[in-house]
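Note that chain A is present in both complexes that follow, paired respectively with chain B and with chain C.
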Partner chain A sequence: MFRLTYLGPALAVLLLAGPVGFGLAGTVLPAFGISPGFGGGSFGLHYFRELFAQPALFCSITLSLTSGLASAVLSLLIVMLFTAAFAGTATFRRMQHLLGPLLSLPHAAAALAIAFLVAPSGMIMRLISPELTGWERPPDLLIVHDPLALSMIGALVAKEVPFLLLMTLAALPQAPVERVRQLTGALGYGRVAGFIHGAWPGIYRQIRLPVFAVIAFASSNVEVALILGPTQPQTLAARLVTWMSDPDLSQRYLASAGALLQLGVTGLAFAIWLGLERLCAALRNKAACGGLRMRRDRAVQVVSLTAMILAAGAIFAGLAALAVWSFAGLWQFPDFLPGSFTLRNWMKALPRVVEPLGTTLTIGVASAFIAAILSVLCFVHEDRTGKRAGRGGQALIYLPLIVPQVTFIFGLQFLLVASGWLATLPALLFAHLVFVMPYAYLCLKDPWRSFDRRYEQVAAGLGKSPMTTLFRIRLPMMLRPLLVLFAIGFSVSVGLYLPTVLIGAGRLTTITSEAVALASGGNRRIIGVYAFFQMLLPVAGFAIATLVPALIFRRFRGMQV
Partner chain B sequence: MALALVLNQPRNDPEVYVLKKLTIALSLSIAGSFAHAHSPDPAKWESVEAEARGQTVYFNAWGGAENINSYLEWVGEELRDCCDIKLVHVKLDDTANAVAKVVAERAAGRDEGGSVDLIWINGENFASMKERGLLLEKGWAEKLPNWAYVDVENKPTVLNDFTTPVEGQAAPWGMAKLVFFHDSARIQENALPSSAEELLEWAQANPGRFSYPSPPDFIGSSFLKQVLIETVGDAAVLQQPADEADFETVSAPLFDYLDQLHRVAWREGRAFPQNYPAMKQLLADGELEIIFAFNPSEASNAIANFELPDTVRSFTFEEGTLGNTHFVAIPYNASAKAGALVTANFLMSPEAQLRKQDPEVWGDPTVLGMDKLPEPLQTGFGALDLGIATLAPEELGPVLEEPHPSWMERVEEAWKRRYTVGN
Partner chain C sequence: MTDIVTDKAGLLLQDVVIRHGERVLVALTQHVAPGEVLTVMGPSGAGKSTLLGFIGGFLDPVFDAEGRVIVDGDDITDAAPETRHAGLLFQDPLLFPHMSVAGNLMFALPADIRGHMPRMALVNEALRGVDLEGLGERDPETLSGGQKARVALARVLLSRPRMLLLDEPFSKLDQALRGQMRELVFAKARESRLPVLLVTHDPADAQAAGGTTITIEP
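After this line comes the complex of A and B, so read on.
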């Protein structure tokens, strides 16, 4: 049975590349008028002609491109400067703990939180009105849905900063940060400049794929664009989803053509990013060779810390505001707190939460569980054969994160409609697994490889079979990372919007898909209830991941942290 | 799973492609399931009820309003208790999505076992489904037992939906009329506009305090129709399909009006509320001063839910506002046709209609005729407290007829081209 471990990598490859491949095919064919199972349509480029005749299409493209790049640049910059200034300090560790929960928060919840904070009738305005502004009524300002997508970029940055910081954290041990700091310090470089010259290139190489995942998500996301993005016109991805659900079938061909365009736009963003990488490397070399030491970088340190606190603080404050809304009676502008509190919103919403909550839990737990098994199988296989996944394998793991979701989920939906599997639990589970798997694998990679193999050698020496060693030694000792994997996989599944909407087709809904649907109606009280669950579920997952090992290992000193 | 690859050779088409048409039919049809679609006969009501037992009905209905969602939950409980039917409310943000599902299923050859059993529908969605033959055969609605109570005589829109004859292919569910709301604590009653023209003047005097949901939102499109009817001159032209008239000329005054309105609208017309609930929140926040809905008791309902202050009141236009009926319809390929029929009949029942008209619950006006109801039920309707912000039925003013659905499609398309602007 132990030989069956080759199933692990095989299934993982199938799971990662299969949906992307088939999904892309299901998008490409209709885009050219070829329609699997739908009849109608004729081969040709006319859907692309129709696509480019859409009003303000180039405006949508530009929006997707710029917002994708801008949020990647800003979040990477913040993470780089903050790491440079604070790596190894107590501030760094504190921030790391503060941002941890944000990582697991769904994008939609973060966007809702920001929206409630910055809207003209939002919490900030309520705080300063009417005392500072004199406004008795909300100002007529286009902040949420602003045409330059600034609020959308803000939310994306706030959400991607924790992600990139965590990725950087994983890469830090491989970079000799402390020695570089001593060396550059001795040569007279400032803290930030020394880090960027000496340690950053090595770290960046390791977090490059996550950065591409950020660009891909930011340039093609739907949920943040719907909640905060511009409306006249919307970003390309948001318009695609509208076309996809149009009763007119030909609009689906249009959406498929648009999805290919989205692939191109994200590709273009990658290309521009590659250019930026070279430019920045050249600039850094010039600065290094020119002896730019930046000895007084206090200002940079303060700015990076402020940006970090702003990113985290905005989301926490917004979530707090949402929580208050969920208990609010009548709450008019500019009152800072509701005139009355009531449980009515909760009483009304709770019965309706039950079903999406059940689906969320089922899909989340099942996908995290399957992803955990597959990841373990992959690594056991790796240990057995001694062969590690090469660069191609690495890229494959990131595939579902780097190819824009819309481009292949559309195709998957096409195939599922034709096969009658649309809106079934297995199909939804499968779609979620595609996105949970990469995180599960990446999550387990370092803990697995850094495991002290002498334990296994001892077990083998005592005549235990590999199976027994795995189940009696390895897995119990790895309980902690396994549970973290589980919590992260679960929170990824909870946060997925587009796969849920398109594959669940409205018949299977999760907390996140319901929350985004409600966001359009602007009923803040009910949104507050849903956002609470969006927050609660991942936090509960992480609480279990922390508490269970602490309980089990309370009598094993060597297993405590 | 059967995978069939069919290559159709090019016929006498001028365009030359190696493959004119490549159709990959991916079908997971259980072999031999081509038995003819079976439809229950509503005339034999007992057999319909018997067949409906144990069925699950997927009711595709707009899910953006909490009060409607909770009303449907009550309906679900009643149906479970009386008829052993499981009602699942598939919450849509646009009814067109449900139509899209049926269209896609037909294209994929799923003529049976469809995913939609019942749709909340009217207007262009109903017209399009009827025209494409996507609905259950004619006459079923008029055979339902509760059809006897429907006020056919005084509510002509029950039989003609947006100029499309219903012909019993949809069961009337509720009445709608365009009604405006304002906060009497902020605007004096004598300052209220009484026509589209006056509304524009009011907006110019109060910049940034009026807007409408961007089409194709139902309420937003209805506002455009109201303005279209008021600005067109001879409204008779709107009863014909738009293709038979000069669309540009007929709609020119509408777009002139909108151009002027957007200059003084909320956010200068650069953004629009997404739907009615969003407008309601904006009225509560004081961002908007005048909003409108298609349900006369919306404001009273919102006051009861603490969503609007109790100083909000309603008004309509002197020359009348748009009015129509909304229906439920059954797709031709519904899985639970009997269950859907029983549900449609229940939705039309005096009991369900009475509860629906209660502003504490939803406040949607009934389609039933009071004189047709038995005595105790009449009293029940009479005793309803419609709420402080709701106009009495006689205060609602004249009803303007809905234009032919093609007008809406053209206006929405033109609106999109004109106002989805690139910088």
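After this line comes the complex of A and C, so read on.
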């Protein structure tokens, strides 16, 4: 049976490349009017003509492009400067612990948190009204859904900063940060300048794929755009989903053409980013050749720390506001706290929560479990053959994260409709697995490879088969990283919005898809309940991942962290 | 090299050559009689541990090896690692951290000894044999360095090995313990009539081992 480990990489490749490939095909062909088994389309470019005749299309494109790039630039800049100023300090470690939980929070929950904070009747306004503003009623300001997409960019930055910081953290051990600091310090360079010249290029090379994943997500996401983004017009991806969900099937050809356009927009964002990379490298070289020391970088420290605290603080404060809303009775503007607390919102919402909660748990647990097994098989195979995934393999892992979801999930939906699998649990599980798998694999990679393989040699010398060694030695000793993988996979699945909406087709819903659907309705008490579950589920996953090994191995000090 | 009779008891390394690309790391023909020690000396990076990997069955695929490994007349060169019964001791004791001391020993005990009581009896006897009686229920992490090394020795002996492969097993022990541990290991090997291959860069190890010493040049 050990010979079957090649199934691991084979299935993983199939799982990662298959849906993207077939999904893209299922998107591209209808855009030109080709749709076997559907009918109604006619071959030609007229769907693109129809697409470009849509009102304010270029405005939507510009919004997608600028908000995608702006959130990527800002979050990377914050992470870079913060790492430059604080790597190796206690502040850095504290921030890392503070931001850790935010990583597992669904984008939709973060967006809702920001919305509850900055809205005209949100917490900030309540805090300063009426004392500073004189407002007795919520002002008529377009803060949420602002036409420049600032609140959307803000939420994206707040959510991507923890992600990029964690990726940077994983890359730090391979970068000689401390030595570079001493060396450049001795040459008279400031801490930040020394870091950017000496350590950052190596770190950036390692987090490049995650950065592209951020650009892809930010330029094509739907849930943050629906909750916070502009409405007149919406971003391209948000408009796409409207067309995709239109009961009039002819709109689907328009949506296909639009999805292809989205692919182009994200591609353009990548191209611009590549240009920015070159420009920044050139600027850095110029500064290095000029010998600019930049010793007075105190301002950078203050600004980067402030940005970090703002990003984390905004989401935490917003989440707290959401929780309060879910228990709020009468809560008039500009009162900072509700006049009364009640369980009525919960009693009202709970019966409706049960079904999406069940789907969320089923899909989350199953996809995390399957992804864990596939990842383990991949790494066992790697150990057995001594061959590691090359650059191509690495890129493949990121494929579902770098190709905009909306472009290939839509095509996948087409295929599922044709085969009669749409809105079934297996199809939804499969769609989630496509996104859970990359994180599961990446999460297990370092712990698996740093395992001391002499333990396995000792076991073999004791006469134990590879199977016994795997199940009695390796997997138990790696229980902790395996459970972390499980928790991360679960939280990724909980947070997925678009695959749930398109593949669940409204018949299968999760907590996240329901929360986004409710967001437009504006019943804050009910949204608060759903957002509470969005927070609770990932946290529960991580609590289990921490408590279970602590309990099982409470007698064994060598198994504690 | 045809004068060596292959059905002799003990460990026979016949015409063993290990290469890394064009470079020859190890080339030797040696016979280690039961209870005897063959010491392989050389600086780190010279390929000493690679030789142990070849005999144990975990040679890194970047190396090419030829020659035969024969134990008590059986050619095990192409056998799976778990069927070679090559007991390993490294410089770290590598006790399984998720099992108690007794759990480690139970794991090593061959499965053909059945029943909890007989197995426990053998484990306790093994603990007594390395002066650790009564420590079976302990978490290995709570033992001292010397105690851990002795548990590792008891573990490997319980698995009924056909030979011992020692990879600098004394180098991390402090001076006083090192002498005791050497004596204990060699005494146990003689008692169980096991051929021993010791890899080290400490001349004192070679001296204590008392057998043949060969030196590998980098």
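What we mean here is this: the second predicted complex is superposed on the first by the 561 of 561 C-alpha atoms of A that agree within 3 Å, B and C clash if a C-alpha of one lies under 4 Å from a C-alpha of the other, contacts with A are read in each partner's own complex, and residues count from 1 in each chain.
Assume a contact is a pair of C-beta atoms (placed from the backbone, for glycine too) under 8 Å apart; a residue touches a chain by one contact, two chains touch by 3 or more.
Bear in mind the structure is a predicted one, so any value in this text is a computation, not a measurement.
In the model built by aligning both structures on chain A, chain B fits alongside chain C without clashing.
Legend: residue contacts after superposition of the two complexes on their common chain; A:Arg555 is shown touching chain C, with no touch to chain B.
In the superposed model, A:Pro55 makes contact with chain B only, not with chain C. Put simply, more of the residues of chain A are touched by B, taking chain B and chain C as the two choices. The superposition of the two structures on chain A yields an angle of 140 degrees at the Cα centre of chain A, opening toward chain B and chain C, reported in steps of 10.
In the superposed pair of complexes, A:Tyr455 makes contact with chain C only, with no contact to chain B.
When the two complexes are overlaid on their common chain A, residue A:Ser340 makes contact with chain B while staying clear of chain C.
For the three-chain overlay built from the shared chain A, the minimum Cα spacing from chain B to chain C equals 44 Å.
The residues of chain A shared by its contacts with chain B and with chain C come to none at all. Within the complex formed with chain A, the residues of chain C that make contact are 56-58, 60-61, 81-88, 90, 92, 94-100, 107-108, 110, 139-142, 155-156, 159-161, 165. Chain A makes touch with chain B in their complex at residues 29, 34-40, 42-44, 55-59, 120-121, 136-138, 140-142, 145, 147, 230-233, 245-247, 249, 252, 328-333, 340, 342, 344, 348-349, 351-352, 415, 417-423, 505-507, 509, 514, 517-518, 520-526. Put simply, chain A touches chain C in their complex at residues 386, 452, 454-455, 457-466, 469, 472-473, 476-477, 479, 553, 555-559. Residues 1, 15, 17, 19-29, 58, 60, 63-66, 69-70, 73, 88, 90-94, 96-97, 99-101, 103-105, 107-110, 113, 115, 125, 128, 207-208, 214, 266-268, 270-275, 277-278, 280-282, 284-287, 305-309, 416-417, 419-423 of chain B touch chain A in their complex.
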